[in-house]
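Take a look at the structures below.
The two complexes that follow have chain A in common; it is paired with chain B in the first and with chain C in the second.
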Partner chain A sequence: MAIITVSRGSYSKGKEVAEKVAERLGYQCLSRDVILEASGLYHIPEIKLVKAIHDAPSVLERIRGGKRGYIAYYKSALAGLVQKDNIVYHGLAGHLLLKGVPHVIKVRIIADLEDRVRNEMRQEGISEQAARSMILKDDQERRKWTMSLYGADPWDSSLYDLVIHIQRFTVSNAVDFVCRTAGMDQFRTTRESQQKMDDLALASRVKAALIGLNADVDVISEYGNVLVFAGTDDRLARKIRGKIGSLISDIDGINNIEVHAGAPSE
Partner chain B sequence: MDANVLNGEMILVMAMIGLAVFLFIVEWIRVDVVAILMMVSLPLLKLVTPTEAFIGLSSNAVVSIIAVIIIGAGLDKTGLINKLVGPIVRLAGESPSRILVAISLAIAPISSFMQNIGAAALFLPAIQRISRALKIPISRLLMPIGFSAILGGTLTLVGSSPLILLNDLIIPFQLEPFGLFSVTPIGMGLVASGILCFVLFGRFILPQGTQEDDFAEEKLDADEGGLLPEVGDAYELRTPHDFTHYREPIRVEDLRRRYLVNIVATTEPPDYKLFSPPMDTVIRSDSDLLVFGREKDIKRMADNEEIIIKQEMEAFKDDAADHASGTVEAVVRPRSPIEGKTLKQISLRDRFQVAPLAIYREGEIYRAEIGDLPLRVGDAIVLHGTWKRLQVLQAEGSLLFTTPVDVETMRPEKATFAGLWLAVALMMILVFKIQLSVCLMTGALGMVITRVLSIDEAYQAVDWRTVFLLAGLIPLGIATEKTGTAAWIAQTVLATIGTVKPIVLLAVIGVLTSAFTLVISNVGATVLLVPLVVNMALAANTDPRMAALVVGIAASNSFILPTHQVNAFYMGPGRYRSTDFLKAGGLISIVFIIVMIGMISLFYGV
Partner chain C sequence: MPVIIVSSDSYGTGREIAESTAKFLGYEFIGREILAKTADKYGVSEARLTQALDEGPSFLRRSSKIRNRHLAYIQEVTLFELLKDNTVCQGLGAHLYVLGVSHVLRVRILSDPDKRINQLVRQQGVSISKAKKILDREKALQRRWSMNVFNLDETDPSHYDLVVSLSQIDSNEAVKIIKETVSYPRFKPMTYSMNCMEDLALSSRARAVLWEHFPDAKVQADRGTVVIETADFKWEKEKKAKAIKDMVRKIPGVEYVEVHVAGHLFPRGSLRPSRRAS
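Moving on to the complex of A and B:
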């Protein structure tokens, strides 16, 4: 009764761990499904989404905030999918997108660099140097991505509940650890924690619905009371207030919605 | 003054004017601080002498405004004006137009003897009561009445800061000073045309309170306590004995955030009652809760958290009764010390033990996380508490209550004295022709001596911001004149536009002043423009006194943006948006200039 996010680098065997955990616990395993869901929900070509959420934003995109829109769509789709619980998700930024939900177990699987280089060489048929630079470049790209969007370094172990280094531990050891963690009391889904998950899903949905206004807003929800924070721009707040009614009309579960200036207090 | 050549000093003065205007617009520092900056930097730059720099503090204008504020406070304290409001309303009957005309006609002369904002504040509670009782949307009353308060400021020479300043500003030109009622005909024309505009075109230029609003007013009427539908009603609930079992502790704050309900009192076993419990109070088992909220929210909470709604009040029967506690709307007054702060920062709940339920701002209602909203002038905060605690809050003075809660501190028995001293001051001005400041200060002193208000209350009433704004900008006017800058600008402008008819010149001055007053405050506009226009008028063979008068009056032509204090103040209670001011204010501003010029040419034959 939990949501497990597995964060992984290339050739770290994280995917394998995730799939085996899902199999053993009888959970649903999600990865690409989120992209399909987002693309279906918000009518965006898959390829655009993949590009947007995988590559670090360019300077231009950082200025226009273009990627934020895709991230919001992705987050909304992800939150909607994991809301029903008993999920293993191995994909981008699960630990960041689902922050604040008590029954989310954040796992990171890392592998020894030398092992990864060897795997890359075998897979792509390239020299050791080329493989090494490829892997390092990929890691760097991921790092830039999370840094620019969340201000968090994926290599910061304090972001996770469990960091497992696949070298002396085997994949099946890792599966054991994760499954045992999932059985612990503190990760059990409670009414309160499910409420937090529902609120996160609702807030993400509202935020995604507001993307069309080209506004970088913060949205939080507590027990269906949604607050949209429009930052310091009064005009933006007014614009949102004027249009929000029609934009959120098909979102269920909103008890009250207000647009405030400023930013959330936490 | 002739043969004016641009010199270094003039450039320096213009730079200082530019700096002042810039700072007025961007508001990096408050306008009165800008004025003090001028007061200090002008003598340092040797543009004025040190004596001239501070001469504003002893000027007729500043002393007059201090006295006017004290007299206004005295009138307020005795409830003299409130007594006038009752009969006026009865005379007006129930027709919205007649009520509008009656209150506008009442507020205008009052506003001509006190600060406009003071008069506006005084009338707000009465207007709200009338709106509720007669089911007239408040938005249809408040703006016209606020405008009348501003227009009323042009009825006498002490009605508004620009006019009070006027005589001081024309001293250097050796022009004959204006009398107290020199402006009255023009002011009357302005007030009459303003009211007429709203009576004739009110339905087109005023927001027409929606159907929903009207319905809300009806619901209000059913409850004399004056509850607001968005805030809901009082309910008593009880937590079961296993309420705290197997769950995280639930605090008052949690319930507020989750369900937008307000716990205004709880019981603690055995029978201790805790009112306005701190937000982090943990809700216990077997305790009674007095809760404010909308029915649907209360029900949602009761279902989710397994709390029982009682059919009627039991434990809090007496406390929730109308005589013990109530819900009031309190407005953040202009220049309130809490402006810009949040309710959390001022610890309103802990200090006064009243519970804020909602905030109205620009037609929006805020119910969630209101503790974190930085407050603005005109925000109407809905508060619940016992009358005693609300009185303490009212006495503190940063909020203006629209429902009277403080009856004890009023001194109605002194009303005769207050009226008497106002009459004495007026008599001295009109009959004995003594200087304005002396007469008004006599009236103020009389009120203190006859204990209409104590001298400490008088000191507290004085608004230092206005005093220093006036006093600090006067040396800038002196510098503009002394260095010949005003003359130079005037000649340059006239040389560019060529000769114009006096009436056209005055109209242009009127438009210019109206524009300035919107961005750099009425006092700033007056101080900067009077020396300028007097010089222009002299050069163009127009009556310089009339040019100065146009500036003094047009400085009150501030309706298009809610920048005037009165407009900012009425914005929250009237649920207005900026665009509402644009629409109604646009019309009034145009009519203002036409009527002003018309009346001047009629009465002074320009």
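Moving on to the complex of A and C:
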């Protein structure tokens, strides 16, 4: 009874590991489904969403916060899907998007660069130089993306509970590691941890609903009591207060909602 | 039987896990206790050996040469201890110089940052933000140390087979994971992997012997043949090659010595052994 996020680079067999873990534990395996869900929920063309969440934001986008909206939609869709538990998710930044939920197991699968280059050459029928350059570019893009949005380096092992270097193991060994970890008491879903997950999903939905106001807000929820932080801009806080009622009318589970200027304390 | 090398962002946590693993598996634990033996063997102070393992490079790099010499001695004693098999090694930087040996399992243990912060707050009476800064500085220093000495970033997960974070996984579970991992047939010693380990040990012994007079020598060993690369003025080449050969030939296990003296100055000696796949 847990949520497992598998972070992976290209050709690291992470997808295979995630699918086999889901199969062995009888969990649902999610990846692309999140894009489809977000696209359906927020009426955004799938292609736009894929591009927005794959490529690192440009300088202009960083200033304007252009990708913020897409990420908020994606997070909201992901949190909604994993809320029901018993999920293996392999895809974009699950370990960061679902941070703070105790029953989320964060796994990273890594592989040797040389092996990845060989696989890319075989798969795409390209030269070694081209394959290496493609893989390094892709890694760099992922790194920039995570750094710009979360200030975290996806290569930093401290973001994960388990990092498995697939080079010296079989896929089945890696599946054993993950399943063993999933069976540990500390990752078992409890009433409190499920409440945290529900609060995260609710806060993500509220944040996604406020994207239309072009506002970079922080949203937190505790037991359905939602706090919206509008930063230092008092006018923005007033604007949100005026419009929030209609924007969140279709979101279930909100006991109370307050809008404040400032930022949430850590 | 396998060798397990445990590395950690916290010496205390790494030691706790390594000792428990050794006890659980009935393996021998090799830790900083061997520094006393190293100090005796090479006639240096044990405190300086510990310092070489803990301290980052000095600003002016004046002490780098002495530190590298001490590390070469530690490396030699550690590698010969690891030839014994069924060992768990921790705290001696072995994850940075035991490379390319298939029966060696390399594990990195990440301590729980919250636990360490609380410990610092309690022990040193500092604020939480100050404690976080201390830990960040420690991490940066460790990274600089490994980069400076072995040209490897020890925080890079690709240097390990497995990285386990103790943020949520408890120590006992981490030990069980290591036990399970080491039982995989892949970590069973084979003749070739044992040969690789013996070659590493022999080259480290030759390097330690040469260090005092020829700190810039690069050493490689292959089944009793020791190849040394160094540099000197053209007119000194022969003299230097002979002196090196005389010193290395005396080492037990050395059958043949080959010395290449390049005719240029200032080559960089390296503590990092050359990588061999096994």
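The rule is short, and it goes like this: the second predicted complex is superposed on the first by the 266 of 266 C-alpha atoms of A that agree within 3 Å, B and C clash if a C-alpha of one lies under 4 Å from a C-alpha of the other, contacts with A are read in each partner's own complex, and residues count from 1 in each chain.
Assume a contact is a pair of C-beta atoms (placed from the backbone, for glycine too) under 8 Å apart; a residue touches a chain by one contact, two chains touch by 3 or more.
Values in this document were obtained by computation on a predicted structure and should not be read as measured data.
Applying the stated clash criterion after superposition on chain A shows that chain B and chain C can sit side by side.
In the superposition on chain A, A:Arg241 makes contact with chain B only, not with chain C.
Contact with neither chain B nor chain C is seen for A:Arg118 once the two complexes are overlaid on the shared chain.
Judged by the number of chain A residues each one touches, C leads among chain B and chain C. Look at A:Asn256: by the touch rule set out above, it reaches chain B but stays clear of chain C.
Residue contacts after overlaying the shared chain place A:Tyr160 against chain C, while chain B stays out of touching range. Of the two partner chains, chain C is the only one touched by A:Asp176; chain B is not.
After the chain A superposition, the centres of chain B and chain C are separated by 110° when viewed from the C-alpha centre of chain A, nearest 10. Judged by the touch definition given at the top, the superposed model places A:Glu222 against chain B, while chain C stays out of reach.
Taking every C-alpha of chain B against every C-alpha of chain C after the fit on chain A, the minimum distance is 15 Å. On chain A, the patch touched by chain B and the patch touched by chain C do not overlap at any residue.
In the complex of the two chains, the chain A residues touching chain B come out as 192, 222-223, 225, 227, 241, 255-256, 258-262, 265.
Within the complex formed with chain A, the chain B residues making contact are 247-248, 257-260, 297, 300, 304, 364, 366-369, 372-374. Taken together, the chain C residues at the contact with chain A in this complex read 9, 102, 108, 110, 113, 155-158, 160-165, 167-170, 173, 176-177, 180-181, 184, 186. Contact residues on chain A toward chain C in their complex (touch as defined above): 102, 108, 110, 112-113, 155-158, 160-165, 167-169, 173, 176-177, 180-181, 184, 186-187.
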